[in-house]
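Encoded as structure tokens, the structure appears first; notes follow it.
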Amino acid sequence: MPAGIWAKCPRCRNLIYRKELERNLKVCPKCSYHHRLTAVERLEITLDENSFQEYDAGLASTDPLGFESYPDKLSEAQAKTEQAEAVLTGEGTIEGWRTVTGALDFYFMGGSMGSAVGEKVARAAERAHAQRLPLLIFSASGGARMQEGVLSLMQLAKTSAAIGRLHDAGLPYLSVMCDPTTGGVTASFAFLGDVILAEPGALIGFAGRRVIEQTIRRKLPEDFQTAEFCLQKGLLDMVVPRTEMRSALSRLLAFVGAPRLVPVQIEPAPAAQP
Amino acid sequence: MTERRPSPAADLDRQLADLEQEIDRLRRRSREHSVPVDAEIAPLVERAEQLRVQIYTHPSPWHIVQLARQSQRPRLLDFLGTLCSDVMELHGDRLYRDDPALLAALARFNGQPVVVIGHNKGKDTKENIARNFGMPYPEGYRKALRAMRLAEKFRYPVISFVDTPGAYPGDEAEERGQAEAIARNIQEMSRLRTPVVVVITGEGGSGGALAIAVGDAVLMLQYAVYTVISPEGCAAILWHDASRARDAAAALKLTAEDLHALGVVDEVLPEPFGGAHRDPDATFATVREALQRHLQALRTVPIEVLLDRRYEKYRRMGRILEESTQSIE
Amino acid sequence: MTERRPSPAADLDRQLADLEQEIDRLRRRSREHSVPVDAEIAPLVERAEQLRVQIYTHPSPWHIVQLARQSQRPRLLDFLGTLCSDVMELHGDRLYRDDPALLAALARFNGQPVVVIGHNKGKDTKENIARNFGMPYPEGYRKALRAMRLAEKFRYPVISFVDTPGAYPGDEAEERGQAEAIARNIQEMSRLRTPVVVVITGEGGSGGALAIAVGDAVLMLQYAVYTVISPEGCAAILWHDASRARDAAAALKLTAEDLHALGVVDEVLPEPFGGAHRDPDATFATVREALQRHLQALRTVPIEVLLDRRYEKYRRMGRILEESTQSIE
Amino acid sequence: MPAGIWAKCPRCRNLIYRKELERNLKVCPKCSYHHRLTAVERLEITLDENSFQEYDAGLASTDPLGFESYPDKLSEAQAKTEQAEAVLTGEGTIEGWRTVTGALDFYFMGGSMGSAVGEKVARAAERAHAQRLPLLIFSASGGARMQEGVLSLMQLAKTSAAIGRLHDAGLPYLSVMCDPTTGGVTASFAFLGDVILAEPGALIGFAGRRVIEQTIRRKLPEDFQTAEFCLQKGLLDMVVPRTEMRSALSRLLAFVGAPRLVPVQIEPAPAAQP
């Protein structure tokens, strides 16, 4: 979104007073379009003020394959987002409930998952495990980061395995899919939540619309791969408007994690039997 | 227009095939009519040998992609029929459908019970249409998981053969949770309580491959490929030019040798000179020996150790830069 | 033709409803216009009382079937809304579809986290069409199982509300494995590692009910029914005469009292005079108290003991004759 | 099938020499129609000769509800089949592999599952468990036995629970669906096999064709609910002709149970992790 006093809504085309849009968590007051957020914005509107303690801020992808212009693209993304990588992870509270929270940043190379994103997500899961905290991840990603080749594909295995261990330990994991959540991220941690939430209108799917249309030689319906579509297809638990997300998460955290969130109760929970 | 011309590597390959056919024809005629043709054949044999050396001594990544996709390359059913006995195919995910693109079977390998899963690519158009070119729907992955659960129940090893362009990118596949099915398989394989050996035999197409490719030992035929995106797709996205697939193939580091160096593949299984399809029996022998060796080694590992090793193996994959600005663990 | 006439029990019920309406009308008029109507009302009240006694003191099994199917009877959403707080509905089986006929939710009961599942019958035609009259597809049962797995993971109790004519008898339901889904749920509930309390609130229709009704405590409202086949279906099969449903209702022993005597139901929850819909609040209070008591008792039982008890409970169900011609165990 | 030298095939209408039909395991030599078998016939063609040792022969249903004419129907069925109940269970071998095997008898009140059928199946599962033998059940049933009301429904829970314990103990259970396998039996043990087999053409389904057609107000296709249909729908593992069933079972038993079938190896198998 370019700077300026007014912002144009990409769905309803109305000009919205930027301050009003910010106040409304970047949800269009006219048509409820949920503007995409950066990872920083996501954490700001989700976590209690000043509660975020970042993990692994200095961790970034390198260029393992010597892939043409990848280092430049990384640098550009880092300059643009002022972040080292496409995910922010750390500890933070939501209405007081302690969590390990991660947020992918679609503005950082399309939120693509390279080694660093996989590593940070896996570490977040492992820390949630070690500290017996619920894990919460906001996804927003175009998929794997092809400039890292199969190493980026392996992040699907790495993150899924780490979340498997979290599950075996009886610890909760909430996944929130934001616009867009596609490709490799859906085929790993985004679809492995105990409870899966999504923002209204978010694009959610494994294969891209164009590839599918080329394959089946038909036009897809307008609502294909939207959050609402996926809800009906039984793939999601809830579609929650952004303005209600914090309170929904707070209630879910209270539900799934409450016994573990009071600092006094640190005895290990019983192991889950899957 | 130049982009549409066959690649030099493919050119060489076709020249070689033509030559071999000609040599065969001459030899047959010689046998049938007792006509000596040595003088005629000799230069052709020499030229063929030169071509072979030229092509297969250092095949380009793009040439390897062609080999991996070679229509006569040994398929799952060839491996299964040769390496296994007492094969009993299992059908269906018990939920929605039996997916012919992905095969699951009970079998014996060297007399030992195993569960085999794999992409069921065909060799001709008819087979490929019936089996959707080895591109599974979610129900294929769910069938595979069901078979793996049986292996886990009986503590039999899983052998997984990987050969797919990818998971099927269709609307119904999306609607039935393609992403969920792949994610679920990846997670469950990462903690399946029995040994898992994976052999990538042809095309290892992204998530559709990985969905049955998480294992204790991942072996890869020399001229198979394993990639996060097809070279064509990569070229189209990066350079808006699918014809630069050759460049993408090189950039993606998708060959067995590259992936072994990156720690993604545990062992490269050498192929006969010219590719697996030129001497399938030699290929089967190689795969048999490697499978036997890995299964033997895994059999003696206590399950908790096995699971820790498997976890650590995937946990380590990837390359990162880490500033020491904060202390971590 | 006689078969089509409303049953005497239903006749009595309608007479009573008419009377009550009339009494209400008179009382309203009295209040609004300050007209005394006591003299007019008294005989009506007396007659209503007689009718009530006649009907509800010893309702016939067939009359109980009508009460169980009563359109104004409290439904799942009523129980959920009254007995639980912090309700968060879960959707979908993560495989095929979200089935609105079966609801799954995270909630709190008396402040404690629980997982609630139940048949989601509606109260009017519109609701019932949207929720398929509380008749689930396989995906409904699979959603319930997913929710129960969450309960198991967090060791929260499951509360299941049963109110269904049965699993949906449609072609797609068959194709997607209705039988498999029900069998799977029954088996998994028999060994779910967390307490399960079942409340049969309306119609307990055969396998479609049992699929979410295996538990440590099975409670049943006084005028709910639980049966292996509908009385109409039973009469049609046995006597080729669906109108003998009244006789079948008696023969099937489908009332709470009968089932308690047979050991199938652990406790009968009394309903207000005339049925749950005549005083929903009293019904909610009864259910709340019983749930609280059973959950409290189950909470302290070690899980292995709980599972053994649950197994033994179902293991004992049924009546057999056994000749001692051979020694057994 | 009425007695006589010739039998009429219900599918192709040909008259078949009865001896030839018997030799062919009651599979029509002209059209491969699989005639229904009694439980005794089933065990005869499946188990090694003289290997069957029956369990619970004297166990029968009673009339728990005082249901009109149920005792008469029971007596008739007992007289007709010379069996006490609609299932035969016991130990037997198949090409030497030891099993606990049960076979339902459709000729006994439609193979309906009352308390006695449920009890015998549950006991068979428990004995397979105790002796660490594979369990094998041939189903042929119209469903629950309504004359026992909800007690017959409870047999779904009883049998499924017993098979759940077998599964937890890592022991194999093979289910074979014969014509017809419908109703309550499908919604319990028949669909809970590690491997599920069926005979060609067997009718397999939960709800009856007529009920479904009334519900959806359409005619169903001819092959609806056949074994072959169910195979395609992913509900079965294999459709095996009767003449190959014994060898298929033998191979499966060798595969799943071999380590436990040699009398010397009686150490407990490792517990399965579901």
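In order of appearance the chains are A, B, C and D, and numbering begins at 1 in each one.
Methods note: a contact is a pair of C-beta atoms (placed from the backbone, for glycine too) under 8 Å apart; a residue touches a chain by one contact, two chains touch by 3 or more.
Remember, it's a predicted structure, so these values are computed and weren't measured experimentally.
Considered apart from subunit B, the assembly holds together by touching as one piece. Separation of subunit A from subunit C in touch steps, taking the shortest path, is 1. Comparing the centres of all chains, each the average of its CA atoms, the largest separation from subunit B belongs to C.
Averaged C-alpha coordinates put the centre of subunit A at 50 Å from the centre of subunit D. In this assembly, the C-alpha centroid of subunit B lies 54 Å from the C-alpha centroid of subunit C. Chain centres here are Cα averages; for subunit A and subunit B they lie 32 Å apart.
Shared contact sites, meaning residues of subunit A that touch two or more other chains, fall at 191, 233-235, 274.
Contacts with at least two other chains are made by residues 94-96, 176-177, 180 of subunit C. Interface of subunit D with subunit C (complex): residues 55-62, 64-65, 67-68, 114-116, 118-119, 122-123, 144, 146, 148-158, 160-165, 168, 183-184, 186-192, 205-208, 211-212, 215-216, 218, 220, 224-225, 233-235. Touching subunit C in their complex are the following residues of subunit B: 94-96, 138, 142, 176-177, 180. Here subunit D touches subunit B in the complex through residues 167, 170, 172, 191, 194-195, 231-238, 248, 251-252, 254-256, 258, 270, 272-274, going by the rule given at the top. Interface of subunit C with subunit A (complex): residues 86, 88-99, 106, 108, 113, 139, 143, 149-150, 152-155, 193.
Across the interface of their complex, subunit D is touched by residues 167-171, 173-180, 182-184, 186-188, 190-191, 206-207, 210-211, 214, 226-229, 234, 237-238, 251-254, 259, 262, 264, 310-311, 314-315, 317-326, 328 of subunit C.
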